[in-house]
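Have a look at the structure below, then the notes.
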Amino acid sequence: MEFLVRIDVRLPPDFDETRKQELIRAEAERAKELARRDLVRRLWRIPGRWSNVGLWSAEDASALHEAIASLPLFPWLEVAVTPLARHPSDPAPPGEAPA
Amino acid sequence: MEFLVRIDVRLPPDFDETRKQELIRAEAERAKELARRDLVRRLWRIPGRWSNVGLWSAEDASALHEAIASLPLFPWLEVAVTPLARHPSDPAPPGEAPA
Amino acid sequence: MEFLVRIDVRLPPDFDETRKQELIRAEAERAKELARRDLVRRLWRIPGRWSNVGLWSAEDASALHEAIASLPLFPWLEVAVTPLARHPSDPAPPGEAPA
Amino acid sequence: MEFLVRIDVRLPPDFDETRKQELIRAEAERAKELARRDLVRRLWRIPGRWSNVGLWSAEDASALHEAIASLPLFPWLEVAVTPLARHPSDPAPPGEAPA
Amino acid sequence: MEFLVRIDVRLPPDFDETRKQELIRAEAERAKELARRDLVRRLWRIPGRWSNVGLWSAEDASALHEAIASLPLFPWLEVAVTPLARHPSDPAPPGEAPA
Amino acid sequence: MEFLVRIDVRLPPDFDETRKQELIRAEAERAKELARRDLVRRLWRIPGRWSNVGLWSAEDASALHEAIASLPLFPWLEVAVTPLARHPSDPAPPGEAPA
Amino acid sequence: MEFLVRIDVRLPPDFDETRKQELIRAEAERAKELARRDLVRRLWRIPGRWSNVGLWSAEDASALHEAIASLPLFPWLEVAVTPLARHPSDPAPPGEAPA
Amino acid sequence: MEFLVRIDVRLPPDFDETRKQELIRAEAERAKELARRDLVRRLWRIPGRWSNVGLWSAEDASALHEAIASLPLFPWLEVAVTPLARHPSDPAPPGEAPA
Amino acid sequence: MEFLVRIDVRLPPDFDETRKQELIRAEAERAKELARRDLVRRLWRIPGRWSNVGLWSAEDASALHEAIASLPLFPWLEVAVTPLARHPSDPAPPGEAPA
Amino acid sequence: MEFLVRIDVRLPPDFDETRKQELIRAEAERAKELARRDLVRRLWRIPGRWSNVGLWSAEDASALHEAIASLPLFPWLEVAVTPLARHPSDPAPPGEAPA
């Protein structure tokens, strides 16, 4: 099942710079791992903000939560999840669209 | 450039049924044409509503507006557009992600 | 997978009374059928309103949408869906909680 | 009487880890106790957030407040309560639905 | 149990005047009856609007819904209910405050 | 003139416990004094929150502000005031309803 | 006591023109009468809208409601009232500021 | 003085087509006239909607209101005005920026 | 040109008391000076809050911003400005209403 | 492509004054550089706030994000971006309006 996930990062501006860079590096690696396991399919930045919107795929809401909660920045994230249903006009290639 | 487009259809419940079916059929054909021209890349239904969220691709906001305004249901649509920027962790295959 | 579904009925106050009673009767029958198939598990009225909140269970968002769209009052409904994930402290008896 | 209770935990991300783990452990025990006394009937996690929505049962709003205020994390909770009325189509087994 | 109930009347401005006066008269009689049965304890007008806020008392949310739904203007009402719990500093005379 | 006053207490969760208890004790005494002077007529707790809604009576908005601002917790309060007008169906005993 | 009153006129765009002009003329006369009785002290238009914000003065919320409800356009008005308290730095000449 | 003006057109979808085309033609002519008189300086379409945002220039809010109210579509417009002040980093050529 | 200005003071409750009193004293003096120069014409307190709403008069938005930014409490203020246009029914004495 | 960008600066009021002045100076220089490269075309202050609204021009959302993220105050900014499409009545001189 696919989900649209909007994420706003609320790390304080005066956060320790070294730890911030570590968190960002770890976040990128985790995102790559989630993409490799097909949990994250697309990811975009919202221009002008430390925010992204992504297309996620997971067995159900429990598996999705587990994946999002595994992000190193999770304690600083504000997350909004929209469940997605199949649309008859979705141009996705077979096998990629929700059943 | 990619855009996230949320569309809510506000056709009145007591709309003439024949005309409604014609509009829906024309809308589906138009969506297929927009997909063929790579203007619509993905389309999902918001469960429980006559609403969809889609991943659109267009040269710019003017080309996007022209494409959305070409939908037969356009006069009854409530549309919200979010411009999308490239995210370094986007797992999209090369050539598909925003440059 | 379980979903929390909030439904507000927007039938106009001056709707034809006979058709309204028919729709309500058909709605109740459909709700009974959805309950029999375990798609609707609980249903409550929001006091003071023609609104309800329900605990639904469906394979995924597509199956949920199909079930909600099958309601006779669907064209007059305003629906908001919240996907639900498993909570470690959920007191639900085994087999009923989300896996 | 049943209530729908939405809880968002606002514990600061940089909260002392030891105390946080203690609070979470105490919270889980308290939730178990509230479930045992039939005050909490179901509990779900909102995916992507440190939030839950629960089905609570209490004599009245005063008893409900007392139960929620007994949660160890109470000072950090943002809570929204929706009172629930009986719905004629509620599939709950007799004895479980609100009278 | 006491409830705070905010009611906005959405009768269209061009409603038939005779029927409107009948509805208002019936509404006032019904309100008097609800007051007599101690379901409505206080009622205030929100200045500048066809709206009121009231202090209601009912066994539970189901009884409250039944009372509100019995109002002749119910199909045109937008209603918001806030459940009320006992406050230790409530100056209400004994027997009137929520237990 | 009567006012409906909603108060949310925003005392930080990690506030000094001794000072907090002192403030709460002083707040309760002040509330009792305001009740004695008929400035506060009823007070309810919003279940699940450190919030209350109250029925206040004051000469005008200036006298009401003075009374609210005299609360020891005032610097931490978020307050919303709704002015109340007389409703013809108010069941209040004579002398208690707004003139 | 002074009140800040925001009024949005919701007369439908396709309202009968003759009746509309009559209502507007009657509204202006009524406003003049309310000004003469010191109920309306100032009145401004919100640019770009059929809306105004005004400084009203009335004995209490009941008198204010009576004055607003006397406006010929009242059934089409959306009104929001803010009660005003005395400010120590108000430059109003003596006798004009709230006591 | 410059203003940012957001305009949403609320013409009903089933509006008479001939009259609609006349209104649109008249609106365009009026916009051209307002531009000629330097009241409208820039105008953009909000993609996906029958909405625009414009940079207007007027002596004050009264002159701005007069200009907006002169638009043939005015009765169907929802308008929001933001007053603009000079910014020290505005790259506008001298004579064009607000004094 | 006149403006309606709503100001909410967001000084933290645990702000240093001496500095707070100094700021309040300086704010009052500045307000008196702004009143003397006819920039502030009326000022009211919003009951129950550290907030005020005022009637300001300034050449344009730039002059208004300069005046507001000169307030000693400015860094802690949340300010919302509404531009005001002349209303034909404004009872203001000649010379005081916006031209 | 043009964008409307609203920026609210959320620098804490008690921020170190020296660093604040440095940031403001660097921000102004960066804004000048962005203007020189035609990324920022107009910039206005929202009166009464540390906020601005600007007309930006960029290849696409990715280039826009890069430009905004290059602002020295970026970690303290709350930014909202509206993509702009060509309007047939835009009075912009040729070569300046969006294609």
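To keep things simple, chains are lettered A, B, C, D, E, F, G, H, I and J as they appear, and every chain counts its residues starting from 1.
The rule is short, and it goes like this: a contact is a pair of C-beta atoms (placed from the backbone, for glycine too) under 8 Å apart; a residue touches a chain by one contact, two chains touch by 3 or more.
For clarity, every value in this text was computed on a predicted model and none was experimentally measured.
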Smallest number of contact steps required from subunit C to reach subunit F: 2
Contact-richer chain pair [H-I vs C-E]: H-I
Cα superposition angle of subunit A on its copy subunit D, in degrees to the nearest 5: 70
Shared interface numbering between subunit E and subunit D [over half = same, under half = different]: same
Recurring contact interface, reference B-H, options D-E, A-D or H-I [over half identical by residue number]: A-D
Centre-to-centre distance between subunit J and subunit F (centres being mean Cα positions), rounded to whole Å: 44
Whole-Å gap between the CA centroids of subunit A and subunit G: 50
Set of subunit I residues in contact with two or more other chains: 3, 45-47, 61-62, 64-65, 81, 83-86, 98
All touching chain pairs, where touch follows the definition stated at the start: A-B, A-C, A-D, A-J, B-C, B-H, B-J, C-D, C-E, D-E, D-F, E-F, E-G, F-G, F-I, G-H, G-I, H-I, H-J, I-J
Residue numbers on subunit I that touch subunit H, as the complex places them: 1, 3, 60-62, 64-65, 81, 83-86, 98-99
Complex contacts: residues of subunit G adjacent to subunit H: 13, 45-49
In the complex, subunit F residues that touch subunit I: 3, 5, 7, 61-62, 64-65, 68-69, 75-81
In the complex with subunit J, residue positions of subunit H that touch it: 2, 4, 28, 31-32, 35, 40-47, 52-55, 82-92, 98
